[in-house]
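Here come two complexes built around chain A, the first alongside chain B, the second alongside chain C.
Now for the complex of A and B:
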């Protein structure tokens, strides 16, 4: 059933390692499974080749655009040069009110540049940042910001990231007074490189600042709700977590298949583990959100499959419904 | 002259272009317009990085393009724009060649 407040998401059909096949499949699943309309941006013939029966279902539209920004293109230059690129047109759709949110699994820098240049920046924000919810057993997620949008960050920008992370934690995850930690190489004051030490002093004046936090505080409740860092460090932290979780899963499954007794035990344990593991599956926990632009932009990981697209669409809908951008504009602009 | 590229003669002088650049740059960098001078260096004086410059270029193409059809920056020239004055001179030169 279609609700009156059904939103439309603009999906970059050409972005990602498995594009367009998995992206199109995800877009079709989005329209079928959740109350979201979809506009797919990309080469119409490439998209339609992956639509079963060659007929688009209700709630799905294709917008033909001829250019594609590759993973190795220089982002800002590519966005300027390729005005008909799928990711650029998707960002433009949000700017022009044709969609409430955009999703891309392609070149992250290009998605960021397209969103920045087409939607514009929120006043008080110099650079956008990627906010990723990191799962915490038995608790609400922690927010890691920035997970890779701005690699070379000025100290003041990290303060802006902290403000955005705090708003995002509050609006999207209902954390009343989010605690902000500065990701560093030790929790004691004075730890860190020059950037961290400068940011520490600036963050002292920010509400909710609890000091330095370490990588070992991630995925563990207690120390902080928002982990602030630059995009370079944040991306490494995120990829390290994802890799460690994959290795751990491999270890568990290999062990459960190692002996006759283990295989027998796994008939009981495995379903429970698989169920619990869903909370840690990037394909099922949704995309990261680019904060700081005047529209909702969800960045899905490069190897996104169809379920990841559906999940990203859920995140997009939550952000639109919760008014994340509006809250950021009101709170961060005032704080700036 | 191609039909899609023409300029309204007299539409922009160097002072007009400087005023537009100053206003737009102040918005992008969230600084006071009065701190922006022709001799200001984008990187050293104003703290504008390459992405900020591209933001500026995009809005200038939109603003100036409204009155000067076909106006655009050549991306390969951007690295040569070190100061606000460089940008003013560049825009004036492009307006000349556009017409």
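Now for the complex of A and C:
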């Protein structure tokens, strides 16, 4: 079913640990499963090698571009130098109105730089920020912002992140009045490093500000819907969480396989656990979004497989139809 | 059995969410179960109310002191003002040679301030740091340093933390040549905020330095034995890990109790899981240690129960018998 307002996403086919195979598979699945048209950017021969039967289905186009930015390329320099890189062309497509959103699972810095350089920043936003949904089983996710875009952040930028996070929590998860917390090393006022103390004073005047929140408030409902931090700290928090989840999950699976009796019992337990654990699956909660640029840019994780691409496309569609960029523009202008 | 070199630990009976009941119970268990004498600091009537039969067993003394620093007191000011506070008197006991180590589960800032003011800093150490063992199932723990003592850190201080972490990893976990990683937002050289980039250059010359490590390297063996960071970031990493473990553990237990069949299967699985999950139990891995002061100071978590106190006493004993403070002194002097 094709609706009148079907959007088009520009997908960087060459970015990610499993590119182009999984990205192409995800793009095809996107066109087949959700009402989104796809433009795939990358080397046409590499892309077509992963299209079953060698014929593109309806709703999928390939745009040939010859350069590829690797995971270890220096992002900004690579984006400036490689004007025909898949991720750069995808960003350009959004700027030129050929697509409503871009998706990349490649070098995050390059995706950011491409989005910044090609789309430009929203007026009033000094630096972009990555918003990531942190899963909270049984509740809506929390938004961690910035999860890695801007590592040396000025206090005012964190205030902008808070505003953007608030808009995003509203649009993505329908939270009417999102509670904004400043990620710090204690919840009492006065906790935090110099940056946090300055930001705390600035955030006082912001609607929804609930004060300092801690790492221990992540993944449990109640304290805050949006966790504001700089990109360095946000990256550490997010990866520490991933690490802990992986460690405990490994321990659980090892235990379920540790004795004959356990293996028998696990025939009941394992399917239930795998089902419940979907709450944590980044392929299902959807990718990170770069906020602050004049277009929708979804950053999927490096190990993205086809379902992650479909999920990213869903997020892209949500952001486009909800008018996230427009709402960010208005909010930031309102706040002065 | 009492050995000739039995050490004495000074325990702050009034600190912690379950003080004094659990702290006193832990102190009594320490004297009974491990070869450590105990001096309990706090209000004598509050302590004695939790001593079964009202008679102190051998190896346990109570030192009456009347002031108590609360969890939300401003640490440095409280320590200066309340000279008769239990945590201050415990630190003083170490300085005066009445005990070889102190333990507190109370206000962490106050325990630090008391240790700093009463014991003083090791020459050559600018700021103390908290070293926390991060559990790695199937391997020795990793040392996270600083986990929260010094939030606005100068680059040189992180180099001192690295040196202290290396000594501590050697002494506590018998790692001959501990690998030192700088916690950053990517493993490539050049990643990190301004602080990290400066520290990276300084650490180059340090023995055992393996470069940047990420949050995702925590809790898995291989990359580094010591994770060096500032106290702000360390706190966020540690609490994010705790949060993730709690979230997933809750989900697992809920699932095991979700259906009749699951409950039946869990009679096999649950004991195995609880046994395996002890790898993560802070009551068993032992408390955090404040490094850089002229005495052993073990900081137990705020929710410490009696077993956590016993565990902290074990850590204190290990640190004393291994001569951690002396070894730190020598290393720091050697390094110039």
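What we mean here is this: the second predicted complex is superposed on the first by the 336 of 336 C-alpha atoms of A that agree within 3 Å, B and C clash if a C-alpha of one lies under 4 Å from a C-alpha of the other, contacts with A are read in each partner's own complex, and residues count from 1 in each chain.
We take it that a residue touches a chain if its C-beta (ideal position, glycine included) is under 8 Å from a C-beta of that chain, and two chains touch if they have at least 3 such contacts.
These numbers were taken from a predicted model, which means no experiment stands behind them.
Taking chain B and chain C in turn and counting the residues of chain A each one touches, the greater count comes from C. In the overlay built on the shared chain, the residue A:238 is in contact with chain C alone; chain B does not reach it. In the superposition on chain A, contact of A:272 is made with chain C only, not with chain B.
Of the two partner chains placed by superposition, only chain B is touched by A:76; chain C is not.
Residues of chain A that lie in the contact sets of both chain B and chain C are absent, per the superposition on chain A. Against chain B, the residues of chain A that register as touching in their complex are 76-77, 80-81, 113, 116-117, 121, 123-124, 126-127, 154, 336. Within the complex formed with chain A, the chain B residues making contact are 28, 30, 47, 50-51, 54-55, 57-58, 75. Those residues of chain C that touch chain A in the shared complex are 72, 74, 136-137, 148, 151-152, 183-186, 188, 190, 192-194, 196, 214-220, 229-233, 235-252, 254-256, 258-259, 261-262, 264-266, 268-269, 272-273, 276-277, 279-280.
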